[in-house]
Amino acid sequence: MLFFENDYGEGAHERILERLRETNYEKLPGYETDRYCAQAREKIKKACDCPQGEVFFLAGGTQTNAVVIRSLLRPYEGVLAAKTGHISCHEAGAIEYTGHKVLELPEHQGKLQAREVEAYMKKFYGDESHEHMVFPGMVYISHPTEYGTLYSKEELEELYSVCAAYKLPLYVDGARLGYGLMSRETDVTLPILARCCDVFYIGGTKVGALCGEAVVFTKKNAPEHFMTLVKQQGALPAKGRLLGIQFDTLFTEGLYLELGRRAIETAELLKEAFRKNGYTFYLESPTNQQFLLLEDNQARQLSEEVCFSFWEKPDETHTIVRFVTSWATEKEDIEKLEKLLERCRKNAG
Amino acid sequence: MLFFENDYGEGAHERILERLRETNYEKLPGYETDRYCAQAREKIKKACDCPQGEVFFLAGGTQTNAVVIRSLLRPYEGVLAAKTGHISCHEAGAIEYTGHKVLELPEHQGKLQAREVEAYMKKFYGDESHEHMVFPGMVYISHPTEYGTLYSKEELEELYSVCAAYKLPLYVDGARLGYGLMSRETDVTLPILARCCDVFYIGGTKVGALCGEAVVFTKKNAPEHFMTLVKQQGALPAKGRLLGIQFDTLFTEGLYLELGRRAIETAELLKEAFRKNGYTFYLESPTNQQFLLLEDNQARQLSEEVCFSFWEKPDETHTIVRFVTSWATEKEDIEKLEKLLERCRKNAG
Amino acid sequence: MLFFENDYGEGAHERILERLRETNYEKLPGYETDRYCAQAREKIKKACDCPQGEVFFLAGGTQTNAVVIRSLLRPYEGVLAAKTGHISCHEAGAIEYTGHKVLELPEHQGKLQAREVEAYMKKFYGDESHEHMVFPGMVYISHPTEYGTLYSKEELEELYSVCAAYKLPLYVDGARLGYGLMSRETDVTLPILARCCDVFYIGGTKVGALCGEAVVFTKKNAPEHFMTLVKQQGALPAKGRLLGIQFDTLFTEGLYLELGRRAIETAELLKEAFRKNGYTFYLESPTNQQFLLLEDNQARQLSEEVCFSFWEKPDETHTIVRFVTSWATEKEDIEKLEKLLERCRKNAG
Amino acid sequence: MLFFENDYGEGAHERILERLRETNYEKLPGYETDRYCAQAREKIKKACDCPQGEVFFLAGGTQTNAVVIRSLLRPYEGVLAAKTGHISCHEAGAIEYTGHKVLELPEHQGKLQAREVEAYMKKFYGDESHEHMVFPGMVYISHPTEYGTLYSKEELEELYSVCAAYKLPLYVDGARLGYGLMSRETDVTLPILARCCDVFYIGGTKVGALCGEAVVFTKKNAPEHFMTLVKQQGALPAKGRLLGIQFDTLFTEGLYLELGRRAIETAELLKEAFRKNGYTFYLESPTNQQFLLLEDNQARQLSEEVCFSFWEKPDETHTIVRFVTSWATEKEDIEKLEKLLERCRKNAG
């Protein structure tokens, strides 16, 4: 069975496993006070060209979102996000559980538009009864988005400038950041990202780690006693080394970007394979998630030999599906997929 | 520097690392639906002689306590715990963050007494205005306790019978359960524990895993949609395999108990070393945490060559300290410690 | 200055003030255990033809919504509501503060459609990853809605039948219920309402009381220890008499409905006055809230002599405004308004 | 039946009822933006000699405590309070519901001691692992306390100076403040109180109002958008006039203090009556709550003719009970009680 279902189907890049083994018997202090966490912090700050950055490690995306968002919002505030944002729909209410509303904005292939954020703010403060409403207190975006799309440098700058004008911290969910940074169609680099937002996280879980996300506060703006909040929300690991060693490895000799590059390479091959065989893309994605619009029987047929995700049913006879490549996808996987697609085409023809 | 500071100073038992490597490229479904989680569940249920058990994996102790406790309490209820219970003092308010009060009871070397729980319940329901108070809704104990002490089978049965009489679920925090089970002075086994409580967790982080705790609901009483709660509280890992493979390994060929046994063995040697050299124990602990009452200058002197934890200052001139052994402690470590103690004694003499 | 801004601009119906004075020195037990609360409960149950009803008194709408909704939802659930529902937008995040998401559905002149609720439920349970999403756990509607519109008996029955099929409790916010019940275009009575939902509240604050809403659980389904939740959420008044006496008075000799009738009478006259003078209604409302689509300069001109609410700006040159009558509106107020409208028309003509 | 059960057994002082009637048909804006709220604010600030004060009105004590405490604490903080503090035990977990721990300190006849607060802070910051614990973030006291006792000016100053040194806001729950201010044994006035704390509330519900507490932030320290928090926690009344008119009346011509004085007068007579008849006081209270240590059969006998509160059972044969006077207690009530006590004494003798 071919596997294109997601980018967390394997364990970790082997260099990570090696480092875990090599360091296994070193006796290290707990709770992210060890030297590997320290090293990883330095390397990340350097990669971001952000010497004033403050870096923290958490184990997974949902907890990272919940902790960061809660730490930035005042109690009367909510977080602005696209209707399709991960926090809006796929985290089981984790943000509302912190007591805050997710204020939904329209999405454009998964992205927010700066001018719509601006319009929202103007309307909000123009409303006489806004003291009876949830104050918009920050902006959440994902990059790449849930649809694999990317903000351009210009879009990011525009959005950040609106945020700055309204004193809204901008937070970027980088669960798949590595794949975004290595897209062939992006002009956003780590330093640019660090410059254009207040806090973001570098996703490890989906980019070669066993688990782990690195939160970077970029403007000397880490909330006071942030680690106590992390602890209170149950997200502080006793063996911080597990996260420190992984990120230290990912940020040694450019491994993180290298893993991103690999997935993009196979994603581009995968796109070509689908294109050549006459498939329709639901939207143009320049990263490792590809969305296709299939006829229902096409989808059924493919699902017998490939693992992929069903996304949505736009009408009675079609299905939108997602194919994902990852750091661990091999070119051979794509070749096999291509053969399958050819076979399907012939059978259908 | 000798290391007796805690039991999470190393990585993981090497068999775990091996299994992670062996399984690394298997493509597995996420969120604890993979086969290793399934296998681990079966092995744990068997080890507990609890075929009807329901097993879930979480990454750490604080999140496990917060999720389990919240899942069992109704909104008007709080959790009864010893004043020294981990949830009472060392989790940064993680329980209160879920909206529930920790109702503190007196502790007896870290333990609750069944009759004090009973007295509390009687007083509570005898109070005419109890509808204006927090209802006691469950009981939390740790085994071993924060002082390394253990409940006897009889104490556990007594407590559970009081709990049953008042319909209070009994929850056992087993962060160090492996060390408790292998104590030379316990009559509590995994099956007995499973029988004498409603839910408990088997601690992995402190007993040989990189991270991970296995929650066991023992009476077909797992709350509905428990995994959605886990997700909502940010505790559901995408790569559930990381927990599944570890627990599968720990419960293969008795590794978990074997790791417990090792720490007890070195703990007993450590006790003897202290005893022989005339040290005073703060209390009698039959597990891997040992508490000593030192004179301040003794403490200072030892701290130059050994890592251990400062616990409390009972008076102006003394200090209570904690020495901990773990699955990774070697007999050589104890021998070195013994030599150090002898040297200190001679210098002092 | 004429006043049509809202229906809480005056104090209370004078019979209420009289009863407060008459009973002022009776020594009554606190926390809604007094005889007036008991009497009011009985009268309300009788008026609802709902002998098994359970009635509780709270002081205001937001707290009532927050307490009732929290009491019915399990922690992994959210509440379905129209995008324009009061809880969705005008309660400062009071529902999210309880930890629950408001799941927004499209609105049709303020109302939910049964078939859209059904479609939502089908889609939710059809989604393979629904365990990672907020479970829809109840339905909230307001009657009259925020736009003054009403559900017909048939619509209510349809909605309730969908709710029943999916085991979703249906909760009706009756902040302005009195005005809905006495509309000339409704076939919904108190007994019908009680039959067609699981819990609703009878609004006092906007229908002649100083404060107070009466919550009615209609199916012997009041949550356990509901008053403890009320207390915990800060909504239990020490002097429960203040609520008991008011509702006892409102439900004596049909005062509540009589107050509703009065506001409808003046609302109908107000509609006629606007219609005769060529104004455009934004929508058809059969209750005491009337929405008009004005040209901006019309709105400005009127606002010099009348208090009303600005609602929305549908485009650059128009404004939607709200005129409200209440139990305290006098026919003379309408006559004065009518003269003003005539004057405006002549000036414009 | 004589009534000494509590101080919220009657309605409101009649001047309040009169003012409610006189102003009943004035059309006033909602949500505490009316002129009576404004007037009351000014009068209160004047009475407190605190021109920079910021005054808000809430309906009851529990909601006031929950809103004020949540508004002052950062998410990683808890509130220090006496073990017997109202928020520690009699508010159904309302503070924990806001996500914050109540950190209990020993009580001395209901009072905190400045030096114990200081010792707590020193120990907390001395603990190496305090980042894993709940940070003490403010201090809560009640004045009078739950035992009717009072802080002296000196005690208050001392406590406030410790609070200031540790940047802990000091919050005073004044549910019964009027009775404290008029005690014959106090040197604390409203201006002194305003000077010696960061925020306090002037209790109305128990001192002559139908409901209502006036929160005074004394140091230009009202949290941003405080009213939005009040709304979010369900505590903002649509008819703010109900609170404004009451406090305006209470602070006109010294009515509030006058009501306090009356309860003290009858309390002193009540004390004398008990003393003359040989009763034992559980503790010395200089305010309107009096605690007596009765033999069980004494308690039973009295309860046949008087309403009072059972407080606690200190041993098998005794009961501690509470007798309360209020603004509405008449001298005749005391005379009747005195006769009863005499009768009891004779029967016993």
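Order as written gives the chain letters A, B, C and D; numbering starts at 1 within each chain.
Note that in this section a residue touches a chain if its C-beta (ideal position, glycine included) is under 8 Å from a C-beta of that chain, and two chains touch if they have at least 3 such contacts.
All figures in this text were calculated on a predicted structure; none of them were measured in a lab.
Across the two candidate interfaces, A-C and C-D, the one carrying more C-beta contacts is C-D. Most remote chain with respect to chain B, judged by CA-atom centres, is C.
The distance from the centre of chain A to the centre of chain C, with each centre set as the mean of the Cα atoms, comes to 42 Å. Averaged C-alpha coordinates put the centre of chain B at 51 Å from the centre of chain C. For this pair, chain C with chain D, the centres built from the Cα atoms lie 34 Å apart. Touching of two or more other chains is recorded for residues 75-76, 91-93, 97, 99, 131-132, 228-229, 231-232 of chain D.
Within the complex formed with chain D, the residues of chain B that make contact are 75-76, 78, 89-93, 96-97, 99-102, 104, 128-129, 131-134, 310. Listing the residues of chain A that touch chain D in their complex gives 31, 70-71, 74-76, 99, 131-132, 135, 224-225, 227-229, 231-232. Of all the residues in chain B, the ones that touch chain A in their complex are 3, 5-6, 8-12, 14, 17, 20-21, 23-30, 59-67, 91-94, 97, 205-206, 210-211, 228-229, 231-239, 241-242, 307, 328.
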